[in-house]
Amino acid sequence: MFLRIDKLPVELPASPEIDPIAAKHVQELLGGRFGEMSTLMNYTFQSFNMRGRDKIRPYYALISNIAAEEGGHIEIVSAAINSCLNGPRTGFVPADNSAESSLKDVLPAAFGGHYIAAAQTALPVDSRGMPWTGDYVFSSGNLILDLLHNFFLENGARTQKLRVYEMTTNPSARMMLGYLFVRGGVHALAYAKALESLTGVEMSKMLPIPNVANKMFPEALQFMEQGMHLKLYRFSPEDYRDAGTIWNGTPPAAYAEGVGGGGPLEFVDAPPSGGDLAHLAGIASSFAPNYAPEEIFEIATKLYQKAKG
Amino acid sequence: MFLRIDKLPVELPASPEIDPIAAKHVQELLGGRFGEMSTLMNYTFQSFNMRGRDKIRPYYALISNIAAEEGGHIEIVSAAINSCLNGPRTGFVPADNSAESSLKDVLPAAFGGHYIAAAQTALPVDSRGMPWTGDYVFSSGNLILDLLHNFFLENGARTQKLRVYEMTTNPSARMMLGYLFVRGGVHALAYAKALESLTGVEMSKMLPIPNVANKMFPEALQFMEQGMHLKLYRFSPEDYRDAGTIWNGTPPAAYAEGVGGGGPLEFVDAPPSGGDLAHLAGIASSFAPNYAPEEIFEIATKLYQKAKG
Amino acid sequence: MFLRIDKLPVELPASPEIDPIAAKHVQELLGGRFGEMSTLMNYTFQSFNMRGRDKIRPYYALISNIAAEEGGHIEIVSAAINSCLNGPRTGFVPADNSAESSLKDVLPAAFGGHYIAAAQTALPVDSRGMPWTGDYVFSSGNLILDLLHNFFLENGARTQKLRVYEMTTNPSARMMLGYLFVRGGVHALAYAKALESLTGVEMSKMLPIPNVANKMFPEALQFMEQGMHLKLYRFSPEDYRDAGTIWNGTPPAAYAEGVGGGGPLEFVDAPPSGGDLAHLAGIASSFAPNYAPEEIFEIATKLYQKAKG
Amino acid sequence: MFLRIDKLPVELPASPEIDPIAAKHVQELLGGRFGEMSTLMNYTFQSFNMRGRDKIRPYYALISNIAAEEGGHIEIVSAAINSCLNGPRTGFVPADNSAESSLKDVLPAAFGGHYIAAAQTALPVDSRGMPWTGDYVFSSGNLILDLLHNFFLENGARTQKLRVYEMTTNPSARMMLGYLFVRGGVHALAYAKALESLTGVEMSKMLPIPNVANKMFPEALQFMEQGMHLKLYRFSPEDYRDAGTIWNGTPPAAYAEGVGGGGPLEFVDAPPSGGDLAHLAGIASSFAPNYAPEEIFEIATKLYQKAKG
Amino acid sequence: MFLRIDKLPVELPASPEIDPIAAKHVQELLGGRFGEMSTLMNYTFQSFNMRGRDKIRPYYALISNIAAEEGGHIEIVSAAINSCLNGPRTGFVPADNSAESSLKDVLPAAFGGHYIAAAQTALPVDSRGMPWTGDYVFSSGNLILDLLHNFFLENGARTQKLRVYEMTTNPSARMMLGYLFVRGGVHALAYAKALESLTGVEMSKMLPIPNVANKMFPEALQFMEQGMHLKLYRFSPEDYRDAGTIWNGTPPAAYAEGVGGGGPLEFVDAPPSGGDLAHLAGIASSFAPNYAPEEIFEIATKLYQKAKG
Amino acid sequence: MFLRIDKLPVELPASPEIDPIAAKHVQELLGGRFGEMSTLMNYTFQSFNMRGRDKIRPYYALISNIAAEEGGHIEIVSAAINSCLNGPRTGFVPADNSAESSLKDVLPAAFGGHYIAAAQTALPVDSRGMPWTGDYVFSSGNLILDLLHNFFLENGARTQKLRVYEMTTNPSARMMLGYLFVRGGVHALAYAKALESLTGVEMSKMLPIPNVANKMFPEALQFMEQGMHLKLYRFSPEDYRDAGTIWNGTPPAAYAEGVGGGGPLEFVDAPPSGGDLAHLAGIASSFAPNYAPEEIFEIATKLYQKAKG
């Protein structure tokens, strides 16, 4: 079972402008083969399906716990897309809802689905608009192969994130990217360490792939300065403590270079404190959420009163 | 963010035999258009994307909280599939891993992916083997339309579950179905009540769709006798309490008929206590989890010792 | 069986310019999940598959007859796309067919398929260029669920059409949209009334979704002033008269508000008179229709003479 | 615009047994690349999109008119599937709707979608269960290429139909196949003649592909004996008469061999008289149409009375 | 089995600028339904699957040999895309690899996959970004139908190439197009001749489709002046000589018109001499190939030495 | 460019019976995500797209050369499928081509596409019948990431092949599998060695994945006894010699254990000698190749004579 906390992993800045092109590119990191839907669902299904689980608890706990963290990652990538598409809007303008075609200046190259299917918000699709698919899930049941897959997946995901970083200067998108450079780095190292424990092959020496350090990116550096690259959080009220038997010791030199200390790795017995979700203004020309939110608020108020009374 | 609890919503019995045909049918309820991947991701994205959230908190809380419950539903459907595919196996038989073709008697009509891609475990695909796709997510941003969609989705899902129930007598599959008849019924009623509050149209009078009562099915009746059809659980340490402003009062007569009382609806301030996950035996002929789990256990033991020392 | 009339439901104005971006957006309304291919094929298959038809004739007649009308709707959406892509062209210019690259100024964000696969004409794809798929068809055989689906589908389709209206000022696209706001409104109300007759739940009170009236849009208002929002046409030489037992009485106030009268609903015993199809000029640089049409005309002339002689 | 007639092209016999394997194979001929959805939509979009139409009327009329006939072909293929899945059932058995699992003996190799998504009826998918897709539509706008495509499509469709004939002895499926061998043969010859008129290349000499004559199949022979292989019907109240300038003269010897006469080709100024649709019994265990049809009949009766009163 | 030669069929000029829009359009000719992946894989599978091969050697040899040539065609289309995306770059600029977002000026309408998934290079997708699929392969096993398909496929491919030619003036793309107009013309004629030998129907009289001659295009004319439109090359050390029994004689007048001579057709006992592959510069901001190539060169040098020593 | 040799990598025995279930399973190894279409096209596109090629020749040569070998692998997997579907048939039986339904005993669980689309031969689809797709190609341009992908791909492919081995005892399928266990092992080791040279991480110590040695399988052991596990063949008349700088030295102990010697690795300057292709009998009931092959032979004979005369 899963619980939910009404927070983002970290707070994102508002996008200073409506930026549908950044939103389109970032979709790849949500619904693409290497997007967060893939990391979430790969680890989730691998944990559901693990054979011999009782005997291989540390691996089960590691994959299950990272799966839970990935839930927050689809949330923060979606939040970055929503920030790009919302821009500086703060309130609902009823007059937009008319024949005046307030959307007629939508960029021709924007992703149409953001405007037609969604109310200028995120969808589980990639940068082509093609949907995420369950065929992106690899759950072979062979522990070494699954871990090798996960190590590859994290590095493929990092490569695509680095490229999207190069393609946009949007501060909301970049803050999300900086955070995920760091957290994805933790996951890549965790899977490397798991493989090392099983095979003796020092996979962590291969990192970083590509060979550019996270500290090069200011948005990532700030999180490294908070030590986030050294911490694996436990995303459960009571379970998955065995993951700490894999996530411990000292990271490879290249991993922590230049941000002080360099260790040790820490298994934190709680999720991160998180940041606030952004408010997304209603948009009359998208008919979202339908009436002015205030009108719906009145209805909601009556509901409250009725429930209390 | 999301947390995870290492329990199933309810415990499932072991399948008395290896039953790949039941497993194939049940896949529809996991990765099909009306499967639990769809309910999970529809509500998750609708909650990520809700515009004007601060003004329409009860609806936000309701959808967000049900989304969290659906995480446990993909888990229990996967567990039912895994139970069907595992059958009565309890231990790893190393000798299966050979040229003797221990799988040569696989039923011709089994889903090949269960054997070739996965180690006889669940995948996010439907009963055709086609993957779940992000195009099944409807997140229009129009609150009434999204709620109407969700009401339709829950009823479509119920219809397909009823039909799969008719197609199998497997006790593990049927226990899962009975549980989800009840919980899906709660969700359908919750969305009906949300729509009623916004439009005055008494959607709950349309239930049940199809017009066969849950109490007809022994596996559902037992959960109704525990009052589960009246309870909306809160799946969060601290959040989403506003959902209780929608889930309250008395259910329609047809909804609770025949199982005593009939109300009132209750918003429970915690998740259900849950049941144990089944152990899935390693299978040498599927190379899962690779070595005998015992051998991996030795490695894991060394990890523990190293971590402690 | 089906017959065909060489007319559009209504005549569309020519697009004053070549407008590939409008054409791209409008594709969603043809080949998307909520496009007219979906309404056409959903109702068509539901009518093919209806069990117990003899006993539930009015519903059979209603769905069958609306299916027939939807054939004209894929035609008029296609015509709007073709108008956008044709622009003011009126004749074939043989010299375009050369190495001079008359298409080199195609907008980078145009849908490539309009130029490469088709001769600047419509395709059964959505605004991403992804094809319409048979998986968009819902034909459960449960009458209430199918009707609920259809009610949802019509409202989802309306929402997307409203958004495309906001995204373009193209007069050809907007005329098509205005017409379909009205006709889609008729279908939504018809399905609402069918559901009401079976369940007693007053679905029509939920309309319009989103809550903006058709009369707000001049292109729709003109058709309402002709009473088209009150009429269900019979699209058959002899059959489907039973649909009139559902389509009768007075519409809800919100439905007809502001355009005089407001009823009663009328079942018209013939299709609408329709409008002329636009002529699409041949385009040498698209090699369509190959030779200059005049040359093909000569061939055709000989055919006529031979056929007569 | 389109009209609809509540008849099948010809009446089909009931399937003597429930035959889901025949139904699965026949789906290829409905929703596969060479299925009737493809012929219908290819010709429909080609007619919507034809450039220079006024100058090339006979070709426009031919393609438009055949498109209209194909509407009846998706209907008859669906009817054959429905017949196979319905078998000898004639009435609704309420007791099937229970926990007794009346569907537990469904053949493991049946197409699950027939039972889970549909109420044992047809879907627009192929024999794999994969949906028909708009990418099967070829509408290049080049008249010769489109006609060449259509000629190829008809012959590919014939080849697949012949193979399905070899794979089943189901009388309902075979009657449908025999009819479509003949009508598809007419379409292949019509496109051959159109190409011949434009290029001088005698495409009709290539027929039949594969080189087995329709007369070899008793179910086809009966329709040839009625002269149906010589007739192109006009599927319109008033339009498309120009198609007769292409469909006339004498067919190639191989085309009509052995069934007497051999010509001349005839353009019939009306659709065929058609046959009755089969009644599909309600099925309680599929929850179709929900209540017993009789109960719905009562509701419908009240509707009639209310409409009249 | 297959061998490989490290040459392109002909050398392509460098694109004078980075031209992602041309690259996007050209993708249709690589991974679209009528792209070179389709010609390659259609003929490859038809040759793998041919029944009765020993008795129909010339057809087997023809299809097998053309399949081998198509391998070079996916290579040259990919090379044209790569040239468009590489532009005039000649060397790796390490400083691009930073937070300065060197890709922030990527055209909004560029295909995102070129930048995010690939390092500004070709992918087996079409101009929508949708992947090539095995469903584009037609391998019916009926020789006449397969040849008819191939004839249609080549003409469809030519039509799309002509349109892309109209859409770009990029010299690298146009050189590739000119070459493939000529080689595709050879293949279309070869399949026409094969069909003629089996059916007596003079398919070659239908060429060219569309009716614009290759000589109209300077980039094609140069290859015709080298006689390349008359030559079928043998792409095998020892095999497929039987193809020469089909490729011989004199081409139709329209085929060779205006470029001198006009025949005879020649079966050349070797592949063409080919041209050099372009060098693609490393791109730091795409992290390709990771380190500066020079650094990798050092590693490679050590490998050489170690291998020799 | 590519050349072709009319041989299989090794000869396969005929399947003693028509075995459509084995054929269906083996399709996964042809057209699935880990099938030979994927290895072929991944390495082919990576070689087309390599940036900085001149500086990293050994890696370019290695990937290019293995790509060429994979062409033979799609051929041998197709041959195994064709053998399973052909069974012991040796000649064309004209009488099968009739109304007697010679295919009526096709196994219900067979893949319908083998019978309807193809003439009982292979298609580029997976074991579900879903097509291979270009989205399976990973060509990031980052050399280390591409090599890591390839190492993962080869091991994933091996795992699936091992499982199919367990699922069938068909001697034709198993011979193919044994051969590919060995050749896939060579490729996995080659990519491991390439990664080791670039990163120092001893990837080859991770092999074999899963941890079952090839020598356990008699069909693989015979090829190991010929030393095939030690040989990388050069698949080019003149090129790719630099691959030998990577493929040299001594393999890891576990790799060659138990089959004598154990090295050294050898770069063979030619392709393997190969084996004969099987003859596939014509099948009248599949209309393949149309006429009896003998009749086509007569036509072919006339072609020969005409070509010579």
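Letters A, B, C, D, E and F name the chains as they come in the text, with residue numbers starting at 1 for each one.
Note that in this section a contact is a pair of C-beta atoms (placed from the backbone, for glycine too) under 8 Å apart; a residue touches a chain by one contact, two chains touch by 3 or more.
Since the structure is predicted, the reported quantities are computational estimates derived from the model, not experimental observations.
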| item | value |
| --- | --- |
| Option reproducing the contacts of A-C, where over half of them reappear, out of C-D, A-E or D-E | A-E |
| Distance between the centres, which are taken as Cα means, of chain D and chain A, whole angstrom | 49 |
| Chain D-chain F separation of Cα centroids, rounded to whole Å | 40 |
| Shared interface positions of chain B, touching two or more other chains | 33, 107-109, 117, 128, 130, 135, 140, 142, 144-145, 159, 209-211, 286-287, 290 |
| Every chain pair meeting the contact rule | A-B, A-C, A-E, A-F, B-C, B-D, B-F, C-D, C-E, D-E, D-F, E-F |
| Partner chain A, residues of chain C touching it in the complex | 21, 24-25, 28, 32-33, 107-110, 127-128, 130, 159-160, 162-169, 209-212, 216-218 |
| Residue ranges of chain B in contact with chain F within the complex | 97-99, 101-104, 106-109, 111-113, 115-117, 128-130, 285-287, 290-291 |
| Residue numbers on chain B that touch chain A, as the complex places them | 1-9, 31, 37, 41, 44-45, 48-59, 64-65, 67-69, 71-72, 74-75, 78-79, 82, 92, 117-125, 131-137, 139-145, 197-198, 235-240, 244-246, 248, 271-272, 274, 277, 279-283, 286-290, 292-294, 296-297, 299-300, 302-304, 306-307 |
| Contact footprint of chain F on chain A as seen in their complex | 33, 135, 138, 140, 142, 144-145, 148-149, 151-152, 155-156, 159, 195, 199-203, 205-206, 209-211 |
